[in-house]
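The first chain written gets the first letter, and so on, giving A, B, C and D; residue counts start at 1 in each chain.
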Amino acid sequence: MDLSLKPEHKAFADEVRAFARENLSPATREKTFSGKHYDRDDHMVWQKALGKKGWLAYTWPKKYGGPGWDVTQRFLFENVLAEEGAPRILPFGPKMVGPVIYTFGTEAQKERFLPGIRSSEVSWCQGYSEPGAGSDLANLRTRAVREGDHYIVNGQKTWTSFAHWGDWIFCLVRTNMDAKPQEGISFLLIDMKTPGVTVRPIIMTDGAHHVNDVFLDNVKVPVENLIGKENEGWTCAKFLLANERLGIAEVPSSKRGVSVLRKIARIEPQDGGTLADDPAFTAQIADIDLQVQALEMSELRVLSTMAQGGAPGPEVSTLKVRGSEIQQRIAELTMEAVGEYAQPYQPGMLFHDTNETPIGPDHAPPAAPRYFNMRKTSIYGGSTEIQKNIVSKMVLGL
Amino acid sequence: MDLSLKPEHKAFADEVRAFARENLSPATREKTFSGKHYDRDDHMVWQKALGKKGWLAYTWPKKYGGPGWDVTQRFLFENVLAEEGAPRILPFGPKMVGPVIYTFGTEAQKERFLPGIRSSEVSWCQGYSEPGAGSDLANLRTRAVREGDHYIVNGQKTWTSFAHWGDWIFCLVRTNMDAKPQEGISFLLIDMKTPGVTVRPIIMTDGAHHVNDVFLDNVKVPVENLIGKENEGWTCAKFLLANERLGIAEVPSSKRGVSVLRKIARIEPQDGGTLADDPAFTAQIADIDLQVQALEMSELRVLSTMAQGGAPGPEVSTLKVRGSEIQQRIAELTMEAVGEYAQPYQPGMLFHDTNETPIGPDHAPPAAPRYFNMRKTSIYGGSTEIQKNIVSKMVLGL
Amino acid sequence: MDLSLSDEQKQLQEAAERFVRDKYAFDARRKIAATERGWLPENWAQFAELGWLGMAFSEEDGGYGGGPIETMIVMEQFGKGLVLEPFLPTVVLGGGMIARAGSAAQKEALLAPMIEGKKQFAFAWLERQSRYNLADVSLKATKEGTGWSLSGHKGVVYNAASADEIIVLARTGGSAREPKGLTLFVVDAKAKGLSRRDYPTQDALRASELTFDKVSVGADAVLGKVDEAFPVVEEAVDRAIVALCAEATGCMDAINAGTLEYIKTRKQFGVPIGKFQVLQHRMVDCFTNAQEARSMTLMASLKIDDKDPTVRAKAASGAKVQIGKSGKFCGQSAVQMHGGMGVTDEMAVSHYFKRLTMIDLMFGNQQHHLTRYSNLAMAA
Amino acid sequence: MDLSLSDEQKQLQEAAERFVRDKYAFDARRKIAATERGWLPENWAQFAELGWLGMAFSEEDGGYGGGPIETMIVMEQFGKGLVLEPFLPTVVLGGGMIARAGSAAQKEALLAPMIEGKKQFAFAWLERQSRYNLADVSLKATKEGTGWSLSGHKGVVYNAASADEIIVLARTGGSAREPKGLTLFVVDAKAKGLSRRDYPTQDALRASELTFDKVSVGADAVLGKVDEAFPVVEEAVDRAIVALCAEATGCMDAINAGTLEYIKTRKQFGVPIGKFQVLQHRMVDCFTNAQEARSMTLMASLKIDDKDPTVRAKAASGAKVQIGKSGKFCGQSAVQMHGGMGVTDEMAVSHYFKRLTMIDLMFGNQQHHLTRYSNLAMAA
């Protein structure tokens, strides 16, 4: 057993760092460290640079155009990028639909879709959730009826992140109304420009627009956009969810969050000194710092098992649960560090470039909105309650 | 609205205090403040003194020989006695079976049993729980079969506190095997000296003997010992449980616990000063102190509603839940205050009068055992889980 | 001991309930929040008419002789409706300090019109470096002839844009963070040299940053005694804290009721999600938390008039700790049980959550007041 | 990065598992605890034979060249069985300090026989006033000819009754609580002037209060340098903490497995109580807690050899915080889910709970180590 890095891994980390410093815009980095919202360009410019370098689809095997990295390289890549203030890679293409396509798709589908995902030329979004279904994913009502060489799709998807930026959406649709909930589902790729696709924003509690309702009204989808077999889409769905759950713990960004929090504590004034002098507050930072370390080490243990050929089991659900609690707690402590100056609502500072000076310190405007917004982490991707149900059943046999 | 006391209530409190100072033995008081176990005499001498004064059955109406106090008097009585270090009144006679007898019993039964309860000449214990039944009280298997003017009782009761001191036991027994679980149950009084009654100690994790198994093997019980009607004992059982739940929050003794904890913090050395200089520790005391205050005020609000003719509803379950958590937390903090010196196990200091000096400070020997032992408070009298089920169903309608 | 409401108090409660029901439905509130002022003059006029602006003041001060219980009753209902009218800065803080420290002339000139609904106040105490330390004040007031000249900055001043007068805490002596040497001034909101930057807060209230550039005031602008304002401010803030606690209990009642309703109707896996034991127990914990918040608020309301400032401070801090804890628990739980809907702007739940969160940050959060309480309790 | 066990380590793990399975069934342990010594010499001999007493020492010190990972592997299994043999005081603490600070002669005289199972140690550092401050030592050692005279008191000295030598931390200079001025002495357990009061601990181990009344030792009794013992002690205690953490993870595994089994079989309301969602989720939380404890223990075991004492100290304190928290959660939850049975002496669960509780109190509880970690992390 050994936590230290071999020289070639150190060199790799240096290469990643140099790349990030060269390709990340200062404005994007600043948004990361202050917790402000990115705009579309922040993501796209960065993702295209990664794509050009061949690093966007960094979890993919070489066979499909990925770099074929080992566990340590992935770990370093994710951590260095987080430290450097890179926005997270939007997972819908490279982490979600991409692996589904190269695992379940035909050769023609691989050739058609994978290059655009790797380069970030084509943006994807996810059509899983439906109104009223929530974490009960299999309870879906969007229908696809075969007519000749097309499906006619009708229904509504919701909570669709970045649908307003998306070129394509991957959808779970019901192709057999008579089957049991998890049967009769198919996995379909839909071009967002197809007539009948409408996107309506959902405004979050902090005023942000990330997620959307997507209405599908007699949308005509060619049969060749079906991934896997008709009525067997649940297999793709489960495969995708297991992949999603692993990275969703967001350890690298939480590590950055703790270090930003310590920085803020050293700036925030209190009783003539700073908040960093207050042991009651610094103990809370220490506590969340240690929680992040425990989560990281747990994740490494899972990855180490996987590297030896094991598959990620349902126990990764607990990583997702703890990861979301930790992100929420960091956001909460950051808001508390700001204190009374977390009260002004400053959408100008949150969403746009503006020449106004912020009210309070630079780190104040996103503090409360981020706390509100982070409550979603224990809801999306399978709520905490659902994850615990899964572990209870699949791991503990209860 | 007013929290202040009228002069007559102040005089009453003084009277109670004077009585306690006169009648509580110093040895008993010392056990209370240090958290050591009482022996039988500690309870009995004190309860008989209260009985003689007419204060043992202090919740009873005048009609049945109680003092007929108002809510404020009861509140003062309980608080003053706790402050003075009195052991809690064992509830089985005066708080449990007594009210059942005067509510559901015949005149003959009242005449026969109430005086001995009021005076503490007769000790009672409770035959509710059975092995394997736990919080699922109605699932009982002890059987009473009518034979002439007697019942023949067979079965086993468990978790019976102080059965080894008890003269009588009140039991729930099944008198109709064919009825639904909550029907076919009867409420029976059994003389512990009857042949076939055997008591076996259960030793707790700290080595203490408080609770017992009680075996009933062809025990012959006269029919006149049945309270209420045959097969309608569940009514008595529920009445008794509702009464039990109210006082079980143990606020007065928790108030004393907080003040003892502050005293210990002022004694326990740390870094050349005392633990009282450590804000991380005193903040934890403050937190539990405030929890006690919230619980007390919640209890007063319930009592105030009752004084205006309302009945205690199922929401008192939440008082029981919080009361047990608070007792556990006080015990935990007390142990943590003692630190490394909580490790020696000193049964001599816990159970007996001994001339040995304790290892560590005087307050050390009971610290850890009490912490272990207090875990029971969220289990007995209906576990926390059961109480929350009750509130969820009866109060929230879920 | 008596914990029952008088008949008058019950009537007050019903009237406040009625106001919220009639005027503060969710969509109506959204419209009020979107107005330039952020609150409705017609509502304020109704408060005056109903006597709410004067209820907590003595009859000799022109009020109706009520006290903290009356304030509690109204604030609780305001919490249920997330009422936006500036009752706290104007009546509880401004009115409270004038009643406590004001001269007869000041009461005449300020309190009487306030009770009639004709004057509003704002209280400017916070500065960038203050955090929760009420004595960490550096805005300077220097003698200028018979009057004073004020220079410096104040932040997050609620209701400054609507206020007729700003009550300003300034340093007239003493060193940094010394409680001694602070003085309160009543400053005309339109005074020369006073500039404002207005903004909404997270919870749709209105506040401002204020800059004082040699703002001149007369000697009669001093509220109370020069250099001796600290005890007045500390008491006023303790009273404001207790009022905020009452508002928070109302928020919790509303958010709990809404969540209970939601989990009874929202179905997943074929049953209402309220059938899942984990949500049932969490809902029970929410109600328990709200009960405890109500208990501590009631206790604080009953003790806030105590002559002993330590009793008062402990009661206020104790209640603030509880509502911080309970508010967070109820708010976070409600969002979680609402699922995705809980984090959208569309549902009332997120607005209650925001208000509960902001209440915790006002005048010292849970941690701050736990420390304050702890120090007072250990000193005893 | 590589987190997999070597083949030798896997064999060690299996051997330790086998020992616990064969020798530490619940009733067998009860009998061992009831012996006068409180542990079995035959088990100790088996440890020697299996090489466990020397595995973590370098080959030049007569050991087998393993390290903290080997200690972790064995301690974890000891935790599963609540093993009573004095491995921690003798091997981890005593052996560890001798290996780090001892002269060649001391290693020869002490470490070699210890590895053979022929010598046991106890480490006497705590005094009544020390709490968790390792430098709060007032037992005095004064020069006496070429040797030293020791007078004072030591408390809660584990294994003192069985130890051949007591390693005593004494003050030879400096003022109260000064890290400088502390010296370690190796004292014959039967030395004149050394008296003992023995007792069991809450978790069935054995400890003693020791009184030193002018106990004379030679110059060769000094372990390491005079006045410079503190870094040696701090490192040894950090290593002991990590070993304790490993033991605690074993306890948690055992208590969680027992509880899971219990809730699968115990019926209430006609179904196994493990069918109730609230218990299911609590059980999941128990497993998550144990996972986190294991992760932090592993990380600390991998970092405890770091040259930088800050890295070492942070790793040890961080792990101790986690096992304090996780141990409490798992222990309290297990008792609760066992219902009444959980608080009796009859069930294994209460014994694991007691051990987990005592581990938290040893060498600094959760709060103490959170503060230590926090100070180190903010200083960075």
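Please note the rule applied: a contact is a pair of C-beta atoms (placed from the backbone, for glycine too) under 8 Å apart; a residue touches a chain by one contact, two chains touch by 3 or more.
As the structure is a prediction and not an experimental result, all values here were calculated from the model.
Contact with subunit B and subunit C alike is made by A, D. Taking A-D and A-B together, the chain pair joined by more C-beta contacts is A-D. Rounded to whole angstrom units, the spacing between the C-alpha centres of subunit A and subunit B is 53. Look at where the CA atoms of subunit A average out and do the same for subunit D: the two points lie 42 Å apart. Annotation: 39 Å between the Cα-based centres of subunit A and subunit C. Shared interface positions of subunit D, defined as residues touching 2 or more other chains, are 276-279, 281, 371.
Residue positions 279-280, 283, 385, 388 of subunit A each touch two or more of the other chains.
On the side of subunit D, the complex with subunit C involves touching residues 276-278, 281.
Subunit A makes touch with subunit D in their complex at residues 1-5, 9, 71-72, 75, 262, 276, 279, 282-283, 285-287, 289-291, 293-295, 297-298, 300-301, 304, 308, 315, 318, 321-322, 385, 388-389, 391-392, 395-398.
Those residues of subunit B whose C-beta lies close enough to touch subunit A in the complex are 279-280, 283.
Those residues of subunit B whose C-beta lies close enough to touch subunit D in the complex are 129, 132-136, 139, 158-159, 202-205, 207, 268-272, 275, 280-281, 335-336, 339-346, 359-360, 368-369, 371-373, 375-376, 378-380, 383-385, 388. Note for the complex: subunit C touches subunit B at residues 1-6, 9, 69, 260, 263-264, 274-275, 277, 279-281, 283-285, 287-288, 291-292, 294-296, 298-299, 302-303, 318, 321-322, 370-371, 373-375, 377-378.
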